[in-house]
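Chains here go by letter, A, B, C and D, matching the order in which they are written, and residues are numbered from 1 within each.
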Amino acid sequence: MNSPDLYQQALLDLARAAHGAGTLPSPDGSVLRDSPLCGDRVRLQVALEAGRITAIAHDVKGCLLCRAAASLVGLHGTGLNATEADALRGQVAATLAGSEPPPGWPELALFAPVRPHRNRHGCVLLPFEALAAALDSHSRA
Amino acid sequence: MNSPDLYQQALLDLARAAHGAGTLPSPDGSVLRDSPLCGDRVRLQVALEAGRITAIAHDVKGCLLCRAAASLVGLHGTGLNATEADALRGQVAATLAGSEPPPGWPELALFAPVRPHRNRHGCVLLPFEALAAALDSHSRA
Amino acid sequence: MNFSPAKWRRHFPLLAAHHELHYLDNAATGQTCAAALNAATAFDTQSRANVLRGTYRLAEQADAAYENARRQAAAYLNAAGSEEVVFTAGTTASINLVAHAFGEGLHAGDEVVLSLAEHHSNFVPWQMLRERRGVVLRLLPLTADGRIDLSRLGETLTPRCKLAAVTHASNVTGAVTGLAPIVAAARAVGARVLIDGAQAVQHGPVDVAALGADFYAFSGHKAFGPTGVGVLWGRGEALAALPPFLGGGGMIGRVTVEETTYAPPPRRFEAGTPPIAQAIGLGAALDWLRAQPWADMNAHTARLAQRLIDGLAVLRGLTFLGPRDLKERLPIVSFNLEGIHPHDACQVLDEYGVAVRGGHHCAQPLMDFFGVQGAVRASIAPYNDDADIDALLAGLQDAVRKLK
Amino acid sequence: MNFSPAKWRRHFPLLAAHHELHYLDNAATGQTCAAALNAATAFDTQSRANVLRGTYRLAEQADAAYENARRQAAAYLNAAGSEEVVFTAGTTASINLVAHAFGEGLHAGDEVVLSLAEHHSNFVPWQMLRERRGVVLRLLPLTADGRIDLSRLGETLTPRCKLAAVTHASNVTGAVTGLAPIVAAARAVGARVLIDGAQAVQHGPVDVAALGADFYAFSGHKAFGPTGVGVLWGRGEALAALPPFLGGGGMIGRVTVEETTYAPPPRRFEAGTPPIAQAIGLGAALDWLRAQPWADMNAHTARLAQRLIDGLAVLRGLTFLGPRDLKERLPIVSFNLEGIHPHDACQVLDEYGVAVRGGHHCAQPLMDFFGVQGAVRASIAPYNDDADIDALLAGLQDAVRKLK
């Protein structure tokens, strides 16, 4: 049942790399997302041009899974538009449910050992949800 | 456990006799008592002289146990004062718990088979509670 | 007939062990089915943990079992998704939740439509709301045989109506409410509809989508499940629009001293540790029930109800409460015998091993309507059989002999 | 030492069957004792009936068992009588009951005194009351180690205070509240006192008479009893003064369309079918607990807590939440390891068979006070032993190795 390799070295490295950690001077979209039950919190900002992300910054108070996921968002998120970010969120959920990672996001495979731990899916999803919401907050503003 | 003789002939006769059934033209004390869970209702009136009952009237919407108890109140209640009526209520409860009937109220023995049926104690007590309350309502008025 | 009451009875440990018992008080509480008992016990002995996101295996199992129960309840109700299922302490708690959360948005003069046939649990919460917020209660009147009089719907449910809260079926007369016109009338004026399903779910799966209501309430213990648990189903959009009712752990987004944000439904409405084992037991009961041959079972209970109604007809001084046509009612049969108080009748029936209830059945306004103070009620479940009905009839004849 | 944890463990079916499990999440929920399980199952399989005055034998047995559970709870609390015991769905439900029923009598500017150490369930209901009625919440501040700072009582609890609602013991730090001065200060200004006993009752019988409070709330599931049930104890006179909260069957005197009168306590506060089996299970648990050797048991759990605290001290980057003196606290031990998120620590500990919880523990204001986002919490019960503590410490060292 339990996955001894949940905390693989590659996942730890990804979390520590913290791609995109920080703040943007004048973000176009910005959201604060709480995980209601575990209290984790992600602040995520995006800069946009023609509806596509040109820069991402995040500040994560969360576990390794959440930090690794945010780092991944920082690594590959640039270039997405609102529709794609929304689709990505769904794809990450699908990956946690057992599907293959979507094209362009091979590192999501690192989260495969999280699959049986449904209570931790939210940790992985939180940054992706914040990303979709940040684009959405912009499009609605 | 069950008491085949709950509805003895003497109890039925006492209920049917309905001593005191009716209303008083100008009562000194009057109460309406509901049994919250079974919906039974007793209206009881007393006429008093020097704090002692000179006449009793009651109107019972209730079961045979309640009617028999009211009839008993009608039969022996005259002459009681507030303190005695209050004590009587306690004595009836004690009788239902297994004690001997108080002096002057031998017919309370008819209710002995009710003892194991705790949910019906309230039916027997209701008229006695109404009696105590009617005197009390007077003393407070 | 694809159904054997004797075999069904074996799924109910109390009845399996008490052959002599004629249990006909199913509208008060059903007997627990083995599926419910076993599932609840399995939780307590194999995977007991709290369900607020523990990260260890036991907690993961508890969470999975609890959320599975939500899915099982959603399936029984044909809900759009399990997040439409809120676990509560019972029907009464579910209705009070709506009376407070939805009631918060109402103002003096807004109208809530009930019927005269409601159980106190779908009556008193609205009276209390009237006290708090000055809403007006409008009561759908009844036909002489106790059915909700739909011909008077137009004058009762007006554009001032914000909510119609009606029973799916009466716990006294068994009358099944004609919900479609009520739902349509409520929809037409933009009012919400709450259905009290406490007496309906134990007679087969419910289709909330087809009913078209916004809220549906029921209790576990009447659906052959555990005491201590119930369900409030709410259409996704209707739940999302409700503020929370009770405050506490598990229903929050974030709490600071200054202000607090709330979790999305269903957790927004589940403050504190929920009735975990009970929800799991109820889920198992509903899952088991869903697979039963309901057409045959309902034909069986209707036949028993008819046998009882026919047997009662010969008794002198009988007042029968409710419609006689078994197509309009559930197998809940209430009646009065002139000169015999319901409690005395029940007491004598107990000597025959017959468990029926006498009294106002928490429906005093309906009793007042019928002009009776109480009634004897026999409520039939699929595990009942001819012998149960015959014991009741024999006992009643003895009661007449003894008490009249 | 008159107490063997190994023998005690045998009374808990889940633990008896899972020797490898190091269950240290007792503050979230306790494991069910056999007494509770057996009593609840006996009800469901031998005397299940609803408890609103049925007149048949099964119903008489159910009523007797339910009222007996009330007496058992009253005895555990040293209440003046069983009619002071209201069965609810849990601590959260009990507190919300008071927040609504007592809260109805409060006005804008009236003050409710809480502490910064409260669980969300004794925090959010009062924030919601603030929304509804404009009361002012005053928070008792904490000492640096998380105890309620009684030196600041005078400035917080003023003559405008109508109710002080404080925890008996913190679910995070284990700190036991110095209740006597708070009760005295409240009494002096005529305010009522509610005690959240969710974390206290599982450490031995409580004496509400000695505490001098007006209301005491706790949950069955944390006291080795069933989920889905809790208690609100209220001093007779305090309960009698409260209007009802939830409306429904069982809590009424008489219902008419125009108005409704209510039953006396405790039934006034038990609308609808109560959690019958669960109350009976809880009563049995409390009855069994009452006879246990608590002095020895508490010495045992304190020794384990000390062993854990000593073991933690060698870890680098440790933040320890709460007082260190075991005379001022329960065996609930929360801590943080720098650079390691509680959830990750718990996940690694799970591999060691150790069940502990990480997160905000439904006490975000307290977390904010400590300046942490969450913590790992190990909460110890009498069935725990040295092996449980040692497994936790071994797992933590591995977590440090792996995650730092």
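The rule is simple: a contact is a pair of C-beta atoms (placed from the backbone, for glycine too) under 8 Å apart; a residue touches a chain by one contact, two chains touch by 3 or more.
This structure is a prediction, so every number in the text was calculated from the model and none was measured.
Between the contact lists of subunit A and subunit D, the overlap consists of C.
In terms of the distance between Cα centroids, subunit D is separated most widely from B. Rounded to whole angstrom units, the spacing between the C-alpha centres of subunit A and subunit B is 75. Rounded to a whole number, the gap between the C-alpha centres of subunit A and subunit C is 44 angstrom.
Between subunit B and subunit C, the centres computed from C-alpha atoms are 37 Å apart. Residue positions 52-55, 57, 59, 250, 252, 254, 343, 347, 350, 359, 364 of subunit C are each in touch with at least two other chains. Listed for subunit A are residues 2, 37-39, 117, 120, each touching two or more other chains.
By the contact rule set out at the top, the touching chain pairs are A-C, A-D, B-C, B-D, C-D. On subunit B, the positions that touch subunit D within their shared complex are 1-2, 34, 36-39, 116-120. Subunit C makes touch with subunit D in their complex at residues 13-14, 17, 21, 23, 25, 28-29, 31-32, 37, 41, 44-50, 52-59, 89-93, 95-96, 99, 116, 119-121, 123-128, 139, 219, 221, 226-229, 244, 246-252, 254-257, 259-260, 271-278, 343, 346-347, 349-350, 354-359, 362, 364-365, 368. Looking at the complex, you find that subunit A touches subunit D at residues 2, 4, 6-7, 12, 37-41, 61-65, 117, 120, 123.
Taken in their complex, subunit C has these residues touching subunit B: 341-344, 347-348, 350-351, 359-360, 364, 367, 373-374, 402-403. Within the complex formed with subunit B, the subunit D residues making contact are 52-55, 57, 59-60, 63-64, 250, 252-254, 261, 263, 267.
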